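Naming follows writing order (A, B, C and D), and every chain is counted from residue 1.
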Amino acid sequence: MNKGRAESFSDGVFAFAITLLVLGIQIPDLKTGSNQELREALIRSLPQLVPYVTSFATIGIIWLNHHSMFHGVERVEHTTLTLNLLLLLVVAFIPYPTAVLGRYGALPTSAFLYGTVLTILGVTYSSLWWHIFRRGLSTSASDKGDTRRKIQRHIIGPVLYSIATLVALRFPRVSVLIYFLLAAFYFIPTQHPGPV
Amino acid sequence: MNKGRAESFSDGVFAFAITLLVLGIQIPDLKTGSNQELREALIRSLPQLVPYVTSFATIGIIWLNHHSMFHGVERVEHTTLTLNLLLLLVVAFIPYPTAVLGRYGALPTSAFLYGTVLTILGVTYSSLWWHIFRRGLSTSASDKGDTRRKIQRHIIGPVLYSIATLVALRFPRVSVLIYFLLAAFYFIPTQHPGPV
Amino acid sequence: MNKGRAESFSDGVFAFAITLLVLGIQIPDLKTGSNQELREALIRSLPQLVPYVTSFATIGIIWLNHHSMFHGVERVEHTTLTLNLLLLLVVAFIPYPTAVLGRYGALPTSAFLYGTVLTILGVTYSSLWWHIFRRGLSTSASDKGDTRRKIQRHIIGPVLYSIATLVALRFPRVSVLIYFLLAAFYFIPTQHPGPV
Amino acid sequence: MNKGRAESFSDGVFAFAITLLVLGIQIPDLKTGSNQELREALIRSLPQLVPYVTSFATIGIIWLNHHSMFHGVERVEHTTLTLNLLLLLVVAFIPYPTAVLGRYGALPTSAFLYGTVLTILGVTYSSLWWHIFRRGLSTSASDKGDTRRKIQRHIIGPVLYSIATLVALRFPRVSVLIYFLLAAFYFIPTQHPGPV
């Protein structure tokens, strides 16, 4: 089976999901249409940028990791394709919790929903990685670093996200800050293979 | 004619249609904007995930099959391109019945509309396959399995979907369950070449 | 300059524009949410499928022609890229008049707007073709058929669309029928190189 | 790391952002649905085409330059990918200020927002170019023209955009004209490597 087409389909979903995020930022609905009203409305909607940037960075990191994971993959068989579709299902869903969080701010429920989806994203990504790693389907998955550290890294991500999700029930703003910091943290080069 | 570009265009439409599905899930329109109201609204909108996941899986399976069908294709001539565009027309339309089903729940009409579109999808896919098969345009279409079984498989899909569509008129929730099970069923590896 | 990347970017815009069309079909806004109300609303919105299918077919044909035009192109220089971006500007705009025509039916204004955009599309496509042809940038543009017929074909398209656009001012439904027939007509294989 | 996949992901975001712009043009909301009302509403919404065309041209130019910048790139390392994602973050955001400018016309606030985003776009693009240039990651970045002129060109763009942004606070219509002229100016072939 052709690896290139699976990659290009995945890239398509990553690219579209990342670009659809912008539709979640509400265009203010003005009454008078005056300049002052627009200015105040735009300033009020500034916090919407936080989930936008966080989701963009998160999808971007997942894409970078997906990129390097598939780079070493030699065979793409049915289970890999299925797990990959599962990952894309979650990626394509991200614009929804992002829009809810942007629209209603960091309420316990919106922050919890957002964190739940990111946790599922991490679990899905780690499952895909685990399948590829365990079956020895990728050369790059096995040739660098020791196994234990790699497994740890793929467990730590979902654990951190699920902790932040629980924090959301009490301190929603803190959890949003954690989601943002986790995405920023994973962008640091040395840390590279990512959020999950 | 360049097969690669037809594939990349198709992949674009598949990837984009699958990602647009998320826009059909309504962001709740709150009055008070309280956390409780948001929680209740989100819980009420949970059933919208069923058509989302079903459509995602269905488009994903069609893409997997399209993938393996075109893998063996050697020549892409006008009729193939035309039938392929017809298939993409239906694929690109799927977000609409998905959104209607998500928004108004499993009413006879919404479930019937959804099933009708899936049936047309199956018929269109089988027509494309039949054209490629009959004209001997694909190597992979002819080298494995016996002919009769393959034809049966491409007839059974649309038949099952049309039965479920008729069930919708009486038992809309049952039909939605069938659509979901059909998509899940076709994901099982051995069953592979797909929903149609 | 890399032809492949220009093609893949164009394919992206074609694929997205064609898939965005579905967002123009309005999801009915029900009051009671009853099954009967939904059925009646969906039946009322059936005519919206006409502009959807027409636009889908038109973009699809333009893509097919773009495909064969670029197939023979050897050098992609600045003017070709600029004219190509101009074509994509019009292609990406098509969802707008399609949605207006779908939402307000075949009024003189909506049918005129739709026809105007298709006419501009034809003129833009023919300009791109003319540039490639005159400069001898494509091998496939020069090796089959005689020159006069090819030029005629690239003039007839825009002329037919502009006539239909004028008809719209008096007989909007007739013009919509003509747009549809023109798209259908260009799908007939022998007629192949296309609507413009 | 595979340059091709980074390019195809970028092309996806560029193509998608450029196609999403059309959703920012409001479909008129009519009361009577009469032909005259539609005509008047469409004529009133004509100015919305200015930000649409300006944003389309701006993204198109950035894509052309991105294209030629990556053409000569030999290695794609982490910092390049990160800066590239930052650029795509801004590109994907453009539909928002475009829609605000289209919806509320050239108010000081909407024109200022629009100019701010274009300025950030320019700064981000120049940063990416500067990183590639300084590290000698691209062959094409170093083989033509002298260094000083190239650096000037990458500074002039953001400066011009930030001046136009300041003009917006006083003369919003003038600033919108400048944004448009800048995009048009950069389309002139000899000027080629671009808006930033």
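Keep in mind that, in the parts below, a residue touches a chain if its C-beta (ideal position, glycine included) is under 8 Å from a C-beta of that chain, and two chains touch if they have at least 3 such contacts.
On a predicted model such as this, the values are computed, not experimentally measured, just so you know.
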Subunit B against subunit A, contact positions shared by both copies (same if over half, else different): different
Most widely separated chain from subunit D, with each centre as the mean of CA atoms: B
Angle of the C-alpha superposing rotation, subunit B to subunit C, to the nearest 5 degrees: 90
Separation of subunit A from subunit B, taking each centre as the mean of its C-alpha atoms, in whole Å: 25
Chain centre separation (subunit B, subunit D; CA means) in Å: 36
Multi-chain contact sites of subunit C, meaning residues that touch two or more partners: 8, 12, 16, 20, 23
Residue ranges of subunit A touching subunit B (in the complex, touch as defined): 1-2, 5-6, 8-9, 12-13, 16-17, 20, 23-24, 78-79, 81-82, 85, 88-89, 92-93, 95-96, 99-100, 103-104, 107-110, 113
In the complex with subunit A, residue positions of subunit B that touch it: 7-8, 11-12, 14-16, 18-23, 25, 27-28, 30, 33-35, 38-39, 42, 52-53, 56-57, 60, 63-64, 67-68, 71, 187, 189, 192
